[in-house]
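Think of it as A, B and C in the order they're written, each chain with its own count starting at 1.
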């Protein structure tokens, strides 16, 4: 199995707030692997450590945060502990929740150029990659615009383009749609989906947006009490609703409906989308 | 004035297309000229010249008048305080108790105020016609370490964000019944504590995310970088620089020589 | 596309609406108006959702309702009285406002002081402040962290603290600006349950949200804003039954509603708002004979 992301027995605690204070470990033995081309949805309650886990995947933890780090995180064969955070930017791309605090330049074009200038690429190459990145995310029209004037959804797509220009093998998305409206959510996730289909980029997607998970992800992992409590294919994991409820997670509405019918009619459907549920329910009425 | 404080006004004029280093040289020359300037005609002439440049750069009149209004408090302060602390010469206009205001004092005050405005407008001219990336690049090519330039650029960019954040904080506190206006002057300053604390905390959180964003973009301090739009000094830049040198030199001689 | 009638149609006692906007307009600078000629009324004791794309004017409208912004044109009435000229601090006695970003509020050295801040600003007597604060700490599960600075708590707890400090005032009108952003399902349910308790006790609730599931499950009526104009005002069912309108505003009904609309040919009414309601309606349709394997 070619695991592009391999996490082994990861333990991590942020440094304490005061010199004599304690620090609670957030990650207590996380082991997870993601195969090439997969999209893994990372679920868990607020505060479970999804963001923390995302930050370990490109070396920000432990290099920029300090703290107590134990275990191994390898991305595309390289250990994050051995590499400086900037070095991994061509392997791992990271998009965080707030678009505003990820933008560094005044114009969209300069934003995308920033990372490429850091790679010391010649201007012609930079130009080509800017065009490529804008096309991938579908924002060519925004090229000359000031990043201060864009909507939240547009800003987040600019951030995504800026990250993609570095051509990472793995894309980590830490609740990238949390602060966007439905239109913004749709356009960003469509961009990611297109990326997966056209380039086979591996995606790790931390999210609370359960209804959209089945459309984008093919595997799900649930982080709870510092460990991966449940892991598997989307259908497999959502087919265990009691367990998910016990872990404090909700369910996609269609899956919830399925469990309701499971209880009352003894059938065992796992519906992930409106289409699936509609098909099955039509059958129940007709049959 | 909206919260979108971006000094750069995008246009395609010859002034905009000049290399930022040329424009920085202009600012430097302005400082050299204005700081010791002692002749009203010179300073007024300078201000007129700067406004011609701004007109050439097609900067909207509204922006220019806004800039003058921003400078007004400083100008006013100088106009009031200078004569008070420089009561030399004749004729004396006001002589009351220990306060003496003389006409030379007033004219000197005016001159000082105009010089400050002149210096400010030199810098405005640079900022209005140079976009952030070119500005930073210009400074770096002149020897500023890239990290400093980046700090400057990000600072400029985040000013409107912090302002917006502060506005949001003030709104949130007002909605909780916070009314600093009701307090006396001293207590009012203390009453701003909640908003300032929230702003500092917010700014610190912002710095965290910003650091992560920089790391995610592969930023490594000290490593060599290329640039997307390299700067080049063109013929017109050389013409301007030479002209600037001659003009400044000539005016300095005039300044020193004319009594 | 029909313009909606002003205000949702609600029968009830002839009391003043909790919030009424009469032909309000507002713009932030002298360019595009954020809100144009908006008129609506929110009945006392109702739970209304305010929806629309980002930039459609939802936050602007909410801020007109507690005096943070003053309309360039038009009037804003709270409980029948025009609030023009009344300072925000005074309107805050009637209207509690929960902001989208809890960090815009949190500044105090302890959670307890954070909750007390609201009550002190509004001039409650000391004894009552202490009582209400303790009550709030208990109800919102904050007793354990009462003496810790809110700024170091996790996001979910920070959200709880801001909710506690607003609800400790027991406002008669509660405005919530996207309060569930970034919260997981459990925390969302908890927050909404607390708001629900207030609502059951007579509080009027205006909820700004993008989460259509919440709208369907909790709100009885909806105001839809698009590009600064009020384009729909009515019950949630009425709104979800207008696909072209929703399309223009880039909103879609929750999955369960979409499912029930799809199953109209099979006999469903097409207006289910919750999973449970859908299930019951559907089961009534099924042929009595036997189960499907």
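Operating definition for what follows: a residue touches a chain if its C-beta (ideal position, glycine included) is under 8 Å from a C-beta of that chain, and two chains touch if they have at least 3 such contacts.
Here the structure is a predicted model, which is why all the values come from computation and not from measurement.
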Open item on the list: Based on which chains touch which, is the overall arrangement a line, ring, star, complete graph, or other?
Closed with: complete
Task: Label of the chain whose CA centroid is most distant from the centroid of chain C - done: B
Open item on the list: Of the pairs B-C and A-B, which shows more C-beta pairs in contact?
Closed with: A-B
Task: Euclidean distance of C-alpha centroids - chain A vs chain C, Å - done: 29
Task: Where chain A and chain B are represented by their mean Cα positions, the distance between them in whole Å - done: 42
Open item on the list: Considering only the defined contacts, which chain C positions touch chain A in the complex?
Closed with: 53-55, 152, 154-156, 181-187, 189, 210, 212-213, 250-252, 254-256, 258-259, 262-263, 266-267, 275-276, 278-279, 282-283, 285-287, 291-293
TODO: Using the touch definition up top, name the residues of chain B that touch chain C in the complex.
DONE: 1-2, 165, 168-169, 171-179, 182, 193-195, 197-198, 201-202, 205
TODO: Under the touch definition given earlier, write down the residues of chain A that touch chain C in their complex.
DONE: 17, 44-47, 97, 151-153, 175, 178-184, 186, 208, 210-211, 248-250, 252-254, 256-257, 260-261, 264-267, 274, 277-278, 281-287
Open item on the list: Could you list, by residue number, the parts of chain A that touch chain B in their complex?
Closed with: 55, 58-60, 63-64, 84-87, 89-90, 93-96, 98, 100-107, 109-110, 113-123, 126-127, 130, 146, 148-149, 159, 162-163, 166
Open item on the list: With touch defined as at the start, can you tell me which chain C residues reach chain B in the complex?
Closed with: 28-29, 63, 66, 68, 87-89, 92-93, 95-97, 99, 101, 103-108, 117-118, 121-122, 151, 165-166
